[in-house]
Amino acid sequence: MSPGRHHLQIPGPSNVPERVSLAMARAVIDHRGAEFPELTLRVFRNLAEVFATRHPVLIFPCSGTGAWEAALVNCLSPGEKVLVFETGHFAALWKEVARKLDLEVVWVEGDWRRGIDPQIAEDHLRRDPDIAAVLAMHNETSTGVTSDIAALRGAMDACGHSALLLVDAISSLACAPLPMDDWGIDVVISGSQKGLMLPPGLGFNAVGEKALARAAGATSRNSYWNWQAMLDNNRGGYFPYTPATTLLYGLDEALAMLLGEGMENVFARHARHAAATRAALAGWGLENVCVNEHEYSNSTTAILLPETCDADRLRKMILERFNLSLGIGLGRLKGRCFRIGHLGDFNDLMLAGALSGVEMGLELAGIPFRKGGVNAALRFLTGGEA
Amino acid sequence: MSPGRHHLQIPGPSNVPERVSLAMARAVIDHRGAEFPELTLRVFRNLAEVFATRHPVLIFPCSGTGAWEAALVNCLSPGEKVLVFETGHFAALWKEVARKLDLEVVWVEGDWRRGIDPQIAEDHLRRDPDIAAVLAMHNETSTGVTSDIAALRGAMDACGHSALLLVDAISSLACAPLPMDDWGIDVVISGSQKGLMLPPGLGFNAVGEKALARAAGATSRNSYWNWQAMLDNNRGGYFPYTPATTLLYGLDEALAMLLGEGMENVFARHARHAAATRAALAGWGLENVCVNEHEYSNSTTAILLPETCDADRLRKMILERFNLSLGIGLGRLKGRCFRIGHLGDFNDLMLAGALSGVEMGLELAGIPFRKGGVNAALRFLTGGEA
Amino acid sequence: MSPGRHHLQIPGPSNVPERVSLAMARAVIDHRGAEFPELTLRVFRNLAEVFATRHPVLIFPCSGTGAWEAALVNCLSPGEKVLVFETGHFAALWKEVARKLDLEVVWVEGDWRRGIDPQIAEDHLRRDPDIAAVLAMHNETSTGVTSDIAALRGAMDACGHSALLLVDAISSLACAPLPMDDWGIDVVISGSQKGLMLPPGLGFNAVGEKALARAAGATSRNSYWNWQAMLDNNRGGYFPYTPATTLLYGLDEALAMLLGEGMENVFARHARHAAATRAALAGWGLENVCVNEHEYSNSTTAILLPETCDADRLRKMILERFNLSLGIGLGRLKGRCFRIGHLGDFNDLMLAGALSGVEMGLELAGIPFRKGGVNAALRFLTGGEA
Amino acid sequence: MSPGRHHLQIPGPSNVPERVSLAMARAVIDHRGAEFPELTLRVFRNLAEVFATRHPVLIFPCSGTGAWEAALVNCLSPGEKVLVFETGHFAALWKEVARKLDLEVVWVEGDWRRGIDPQIAEDHLRRDPDIAAVLAMHNETSTGVTSDIAALRGAMDACGHSALLLVDAISSLACAPLPMDDWGIDVVISGSQKGLMLPPGLGFNAVGEKALARAAGATSRNSYWNWQAMLDNNRGGYFPYTPATTLLYGLDEALAMLLGEGMENVFARHARHAAATRAALAGWGLENVCVNEHEYSNSTTAILLPETCDADRLRKMILERFNLSLGIGLGRLKGRCFRIGHLGDFNDLMLAGALSGVEMGLELAGIPFRKGGVNAALRFLTGGEA
């Protein structure tokens, strides 16, 4: 109940724009009625544009975790091998989902500060023709590291491997380019509460032809997540079970906003705010969790604190004092880093506000740092586009 | 875009009250933040009161279909037998879910006009000690028939059968009494968009001790639906993955409304509107799909039309002419019946409006019927409580 | 806090449609900013279309009472004579406003059951060439009597009188035709909370050339209400003082809804619901306050109860029991009548609900009446257009 | 349609908090119904607390300009003398209102950079025992100068003058202390869209006993603004004409927020943000329009640009580039200054965002200034309370 607007700068859920909030307050209509497909067919069409694909994008009432599971239980069979890269906390969680579903996981360890190494991927793939699918995080939300999916695809192509490529774009969709069809991705997985600017509650699977063909023969038991039933019903604008109507209203509005802005502009805006955030980080003399420049994330920046500092104490203080929520350090980064989400419905002054909160918090918490991060960010923002 | 308020009288989603709609328009907060448990722990507590249980009620971002699956994959193992009663379309769908999950279904056929016969249930159970679970629809939404769950429990007890009792209360929760603990139900399954007055998007599993114990040894593969992970996180007011925050806001408000009215009053209100609807039905000289008086539903009334009439044509005309959505006939009742939902945030004059729309529609569609149904309903409503 | 939707069937404020409510929840913008005129110039244009005029329509943050005052203090001078007809409570109130502003009122008494008699008006005008303005209620909200403004204009023309014609359309705008320019009305006065479907808070003056010319020489002191200052600022899309921005958002949306439906359709819809209400009234054997058929109101029907009955007790009971608000009897009709508002965002089933509430209330209150009013209304509604 | 949240930092309307926006989206109820006084009597009670008075606070559907007029036409008679001080644009406008209402204005010229000089006031009053009322702006919104009302009262008391003291608190109510009763103010005038955090549409007159007594004998013609009619109706929780119901819902919520925070805390928060803004101003090396430290405003800071710069060009650029609305220079300050509103529902990071927008705008517009204003503000905000 603090005065003024809360600054929600976790790496998702992101701030829901007013247009989307108000659209979701509209009365629920009959999801079996004649006017429902007017809404849904437009949503499907626009969603495919945002996913940069001519393939269907399926919408499940679920979290992103559910969308992971949906992808796995449709196109893979128990015992099949999947190659997964340890980019961070969420990669580790996805691996656990795969294991619970009795997939055999080939786990490529990592240090949580780098993206997927295409060379290592290629080595694994060459060694192991049985790998049925490669599971890749596009943006690892826990570290702010974006993997080069085009390069990964290149590695797969280089060895002529037939594995499916499943990409988690939960925190990168509508934040950074991920042209599904151009890059030969078989399944793109995402959620509603990040770049799509909605509250949480919807998960997505964009499904290419190869994945769909593989699904026809796969033997994982599934019902709720079944692609084919969803596809069959979606054709007419309906769903195999009651959809989350009000979230679809919001999605319709959010897609109109994104396409109205233009996806290239949306990506440029995210890149610009990410670069401004890194300018602040450099100004503070703090360390980015992400070590490779070409893997910087458009949506999230994770900031390592000196070893003696407690990031959770800092976050708590910033929340209480400045009404700003920052992302927690997860898994092995717990207490060691905090994350700034700069994604979704966001602009320069919201970023300036958030960075100001961080700078003041660092000062008040006695963290060793240089002032001047905010200044550096403002300098970047006035200096031109990223 | 017709003038005036749409009358949404399908048997769910039901009308979302303004308090709930506006609560859901509030800004999303950090689901890992310190204030989140204030919301969730209150929701868990109030939810248990509405489910009439001291056991935990788990909330999944999903449809009711997902909540079915959640129940099955937690406490049952592939190959185990489940006893399912053909009460109507949704029982048949649940059976299909069970089959897809490799459960062995013992399917007790029915005529879609009666509830579960406890005697038949008992016969099956005596014959078959291997049945691992009994799957029962409390209110079969497709027919407006409510089964006597206490009697079913009695039948199970009579033969000392150890099967779990899983009850679908999707369209009966907060409409008709279903005291989970008192009636010895092991799992109650429900959804957000009916008696709980929310938009669709949340599914529920209320889980008793016996079901939880059984889950510990069950071998169905599952991850998203896993009860134990949910329970472990819920204890502190958190979730194993991002919850549907705005739907939780709405749930919090809806629970406050229900408990503020008092569950006994809520049930009496639903019973009264159901009886008034049947008075209209009798006035029109039309036939209730439900043939047994003691199985009349508090939330839905399905009305059979004379064989020569097309119920879908009637529904379409009523929608276009009177801006009233009625429930479609499903499965083998397609085109043969329409359904009136009289559940959720509802009152006498909303009912009078809906019944007026039906009466005028019957007239305009040239369906053979007697006028006077609305009159009969009004007479009932002024005559006293049901 | 009764369950279900409140039925607000007073003769205004009318029910605010969801589109309008949600539009008004949008963030306030700078009323001196460059984007403001985009909103306001569209509003001015559409407003003129609804007022059926090519003249400017001025918007004041005020109630309808304020809009009365605005009209009087602009084009009249203290001591000038105005001719006012006692059609009911609101005519009497407007007369009082005129007196407080030191106008000399020629008060034509009436019995509150008839509209303005053009012959009597003509007689007065012939006798009194000094009358500066004729003040006429188009629809007298307290009685549900609509005066024939075209005939009144005819009477003024017949004697070649130069008086201004000021018409109160507070409860008739967007309910019944009142073509300002075609009928030679000098000022039309209205408010936001009736046919325009907004909450209360805006008053309107549509101002013709003759009135504007008269205003140039009038000597009533005024500042807030000044037409010229408003006109000067409106030209560019601005206001002489801070406008009620969110109500303008709602107005913009409401105008789009009305023009989307088409004014002829809007009028026909109101006429149809008024006729259906009178069918109910006849069915009940109760008496309309309005005695002349050609003066029946499109927006309000006032129902006289037998002398021994207390209309306020009836209204209170209907409110408590059925969550339906009906209009109070005002002034000399206090306790003797109740009023049904059937205006604004309204449809057949909302009317059926409201009439059902009245019929049940009459029964429960022991008012002597015949049942069958609702039936008669439904018969009318299925029988075709009014 | 720029991405992200608009920063509305004009000196009112201020940002409407979500709680208030959503409260105003609630359905309109019968303003003559039994439940209406529950709302209104609570509003009256809480409003008096915010005005720091035990006298009635009257609510008019109008802008602040209307509330000025309301005060003047109730307690003054045409030809009576009022003493008005030229503190800036709004003082000049109020003077014009007085003149239009035929009051005789004694106009004390000023340079728009200083508040009311109590000594000059005293001189005038001593010279002129006929002055019927002193009209004082508490906070002159056009300049960000707050006059010392206690000292003005002292000056009036010093010469034992019987004039009424009418104070405009439009942009100071709930921003800076103005204890009406303690300071002997006869009428406090305010509006909804500033410290009260509502959209525009309501004006207020808090009326002391002496003013009320004077009103009994005053002869200005008035009707809409009449205090006595309002008082008579308010007693029971009603109004003499239809009130702006949804704005009252919002007011109820806003008052609960303010009193929940505590008025002392509200004032301290405003003082702190004002001081931080001045720290930024000093950092930039720019000039405050307000020259006297003890007259700095809690709600608005007006910033003078070097003579060669065009403030409107700067504002336009900041709006287009950073989605930030700043206040325009008014009257003789047109083009020469811009104003930052730091009032209402506001916090540190919203301020940091706004100041960042100004700093970047100054840079991009090529205005001669020193960087470092944002830094200075952050330093102030971390350094402690003002």
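Just so it is clear, A, B, C and D label the chains in written order, and each chain counts residues from 1 on its own.
One rule holds for everything that comes next: a contact is a pair of C-beta atoms (placed from the backbone, for glycine too) under 8 Å apart; a residue touches a chain by one contact, two chains touch by 3 or more.
Nothing here was measured: the structure is a model prediction, and the numbers come from that model.
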item: Set of chains whose contacts include both chain D and chain C; value: A, B
item: Winner on C-beta contact pairs when A-D is weighed against A-C; value: A-D
item: Intercentroid distance (Cα basis), chain C paired with chain A, Å; value: 54
item: Rounded Å distance, chain A centre to chain D centre (Cα mean); value: 45
item: Per-residue multi-chain contacts in chain C, two or more chains; value: 5, 15, 22, 25, 27
item: Residues on chain C engaged by chain B in the complex (per definition of touch); value: 1-5, 7, 15, 17, 25, 257, 260-261, 266, 269, 321-324, 345-350, 352-354, 356-357, 359-360, 363-364, 371-372, 374-375, 378, 381-382
item: Complex contacts: residues of chain D adjacent to chain B; value: 18, 22, 25-27
item: Chain D partner contacts - residues on chain C that touch it in the complex; value: 5-6, 8, 10, 12-13, 15-16, 21-22, 24-25, 27-34, 60-66, 69, 78, 96-97, 100-102, 191, 193, 199-201, 220-224, 226, 240-247, 316, 319, 325, 328
